[in-house]
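Heads up, the next two complexes both have chain A, just with different partners, chain B and then chain C.
Now for the complex of A and B:
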């Protein structure tokens, strides 16, 4: 990337960050945007209620990567309201993790969730387990736990690689209601096939904002949508300009397509 | 071609084959053989990653920079590297993580966690804007949706592919607009976006299943070939 083109990245970053900042500021002043209904969220609530009513534990797996992965952060954010849901119904939550930092973050989130539900005393740190950094070793143990403890609900949120189908099949084998959420496009098909509901891509981030009801998160979501509108506008304008320039060879359209090309140039 | 049975005399091959069969036994139901393989796998992998973590991170990035003489423990003729006191920072952050073990000091562990989250978020913003936003938009626009053929006229197949890519991306983005009123997927554009996603998932599922089958073939080759000598 040339130094000149570094400026276009800086400009685009500034635009997108500003949109998110505006969204957060407006939300803090009471202008919160409504989040569209995500079927996965309703299934989470149903799964927790059904599982607890049946006296079965609830499993929550916050991905198989460390805290330096944004999906893990989103999964841990989602864990807090789920922990509160389980605590309110006097259920048992089990959170297997495969990174020490994720284990610590998950314990903090669960502690807060239980406290929010007024059940701080019911929480025990050993409900969040560290198993192994190795993803497949982790899956082997979690699948074994699922088969032995027979959870009524399994939630798989965050980044997964080849573990996705192995985990989801384990839960399906014991008849658990399963909800997954990942932004990993290669693994989404497995979750879609094996789970009752799947939060696809950015729905994972939207779900944590929606469940928590936090104004800053909801505002951030609005800002991200404005960013997507920018992307759609650039695609429509760029697509039309490039096509017209190719078909007609008109100079000004060619120049316009060229400007867009320079604006988006990253190599 | 199937050869007469010629069972391997290699201890490693036997261990691999028996552990594979123990794991496969889970397909029937949970059983003591699977439990044994599971615990061996978890124990070995946890220990393996701890050793990897020590020799690839702790040793070269913290211990040797702070105590260069330590490098002589591994190799006596290694030239001593210069002392790098900046390694104190990760060392202290790492020790702060261990403060969880002392309830009175457990709050200190939040600092390294916050450090990791903060640097990740800051670093990821620019990286994502560049590669996942700008570069993707530019690649999707390409040369538009009408691609000229080499001998004049239009290349119908490539033009169609470009049109599907551009429109699929736009509809997909519309599907992921999360802040709007109404039900699950309200607009026709969002419905098309969902359809595009599902078609993509179907294709991706097929290719991933093929990759898994090749893994299974690899294990069967090891069982029937290396272990039993039938292949």
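Now for the complex of A and C:
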């Protein structure tokens, strides 16, 4: 890990952390935050219900990277409420993983999800499988499992590289309802094209909070939105200031644009 | 509130790493004291993850043997695929450990050109990779066909932009329509703007998720959600 040594990055991080913490604190004191329902979340609930009703398993793939990737962490966090949802409906959940540590974390999340649904006895650790660290070997086996077991719902959350389309098209061929979520801009178009719904970027990190309905977690989303408003405001003011400074040559506007430029500089 | 040991460790390590990211002074951390500890954490924590991941692989290997072994033993549906997996796994493991065909001894390189492991990699794994990867060409075509069907205004815009970019990247499009500069503009301006907006949202989402984890709110990673 290389040191950032940027006072501006530290300041912005502090502002964001403060806003999120305030959001959580306010939610704990009863100030409920209204959070819009993400279309992808609604599709997850529909897909699980449809799949279980048809007697078909639910597949959940928590990305293709290890636990040091925040997208994998977000995917594992989302796995817990999904596991609870499947358990409540007496369905079968299958979680293929390609990292041993992700496998252990996924088992913990599923165990807790099943326990939360009051079905702890129905859970078997073997439902979370370690396949292979090799991305294409992983895809080959998961696609094979999809063809043989014909899941009714496939969820792909976390970081994916070329596996995204190989997995999503595999699920599409067996008629599974598919929801994906990634923060990788390069892979998003593939998921959008091949899946029924896609959680884009920040939606992946908000999904577990949104699905749990927990007040404190929803409060953190409120803080996140406030942080977004701060970022957008700084970008808009900075853009206008830079344009005005270039057109008019006014010194104080030029200085203001310079300050904002330094504040938002991350290199 | 329940505070299990993993949560306390997670919170402590996260705070140390955040402090280290912004305050670690130059050096290798051998100076001692708080500054030394912070510098040491900054330089070495990511290596610790690698060491943990290596040990965790044993869990993955054991899980693979147990799962597929049971499937073969109980003759479950499609058990023969599990048999192939087991035989392949054990064969490559033994060839790699014994360094068959390659330089022997502890210092012998198992990936040496003369080793069986390299032969297996070049003759079996690489062609299999290429075969699977080549499926992408067909999948991209079928996914693109579905995405570019002009069913609404959004998909029509997508289709138009995709056509311009496609024609701008091939000689016939450049010669006949002069789409090269428009294609470049689409890639550099609207595409970059969209990607940057996405990355700002992702950064905010990561910060919010990290705060929830440090506070023990996030489920699934040791937090109890209380």
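In this section, the second predicted complex is superposed on the first by the 259 of 267 C-alpha atoms of A that agree within 3 Å, B and C clash if a C-alpha of one lies under 4 Å from a C-alpha of the other, contacts with A are read in each partner's own complex, and residues count from 1 in each chain.
One rule holds in what follows: a contact is a pair of C-beta atoms (placed from the backbone, for glycine too) under 8 Å apart; a residue touches a chain by one contact, two chains touch by 3 or more.
Since the model is a prediction, treat every value here as computed from it, not as a measurement.
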Which of chain B and chain C A:261 touches, first, second, both or neither: first
Chain B versus chain C as contact partner of A:244, first or second or both or neither: first
Touched partner set for A:101, first chain B, second chain C, both or neither: both
Touched partner set for A:204, first chain B, second chain C, both or neither: second
First, second, both or neither for A:22, with chain B first and chain C second: neither
Partner chain in contact with A:74 - chain B first, chain C second, else both or neither: second
Which superposed partner A:161 touches (first chain B, second chain C, both, neither): neither
Touched partner set for A:122, first chain B, second chain C, both or neither: neither
Which of chain B and chain C A:215 touches, first, second, both or neither: neither
Contact residues common to both interfaces of chain A (with chain B and with chain C): 1, 9, 13, 16-17, 66, 68, 70, 73, 100-101, 104-105, 131, 133-134, 136-137, 140-141, 144, 148, 162, 165, 185, 188-190, 192-193, 200-203, 206, 221, 224, 227-228, 231
Contact footprint of chain A on chain C as seen in their complex: 17-18, 20-24, 42-43, 45-46, 49, 52-53, 56-61, 63-64, 66-67, 70, 77-78, 81, 85, 125, 128-129, 132-133, 135-136, 139-140, 142-144, 146-147, 194-195, 198-202, 204-213, 215, 217-221, 225
Chain A partner contacts - residues on chain B that touch it in the complex: 23, 26, 29-30, 34-35, 37-38, 41-42, 44-46, 48-50, 53, 97, 100, 109, 112-113, 116-117, 120-121, 124-126, 129-131, 133-135, 137-138, 140-148, 166, 169-170, 173-174, 176-184, 186, 197-198, 200-202, 204-205, 208, 212
Touching residues on chain A, where the partner in the complex is chain C: 1, 3-6, 9-10, 13, 16-17, 20-21, 24, 66, 68, 70, 73-74, 76-81, 99-101, 103-105, 108-109, 112, 126, 129-131, 133-134, 136-137, 139-141, 144, 148, 162, 165-166, 168-169, 183, 185, 188-190, 192-194, 200-206, 208-209, 212, 214, 216-217, 220-221, 223-224, 227-228, 231
Chain B-touching residues of chain A, taken from the complex the two chains share: 1, 8-9, 12-13, 16-17, 33-39, 66-70, 73, 100-101, 104-105, 131-134, 136-138, 140-141, 143-144, 147-148, 162, 165, 185-186, 188-190, 192-193, 200-203, 206, 218, 221-222, 224-225, 227-229, 231-232, 234-236, 238-247, 260-261, 264-267
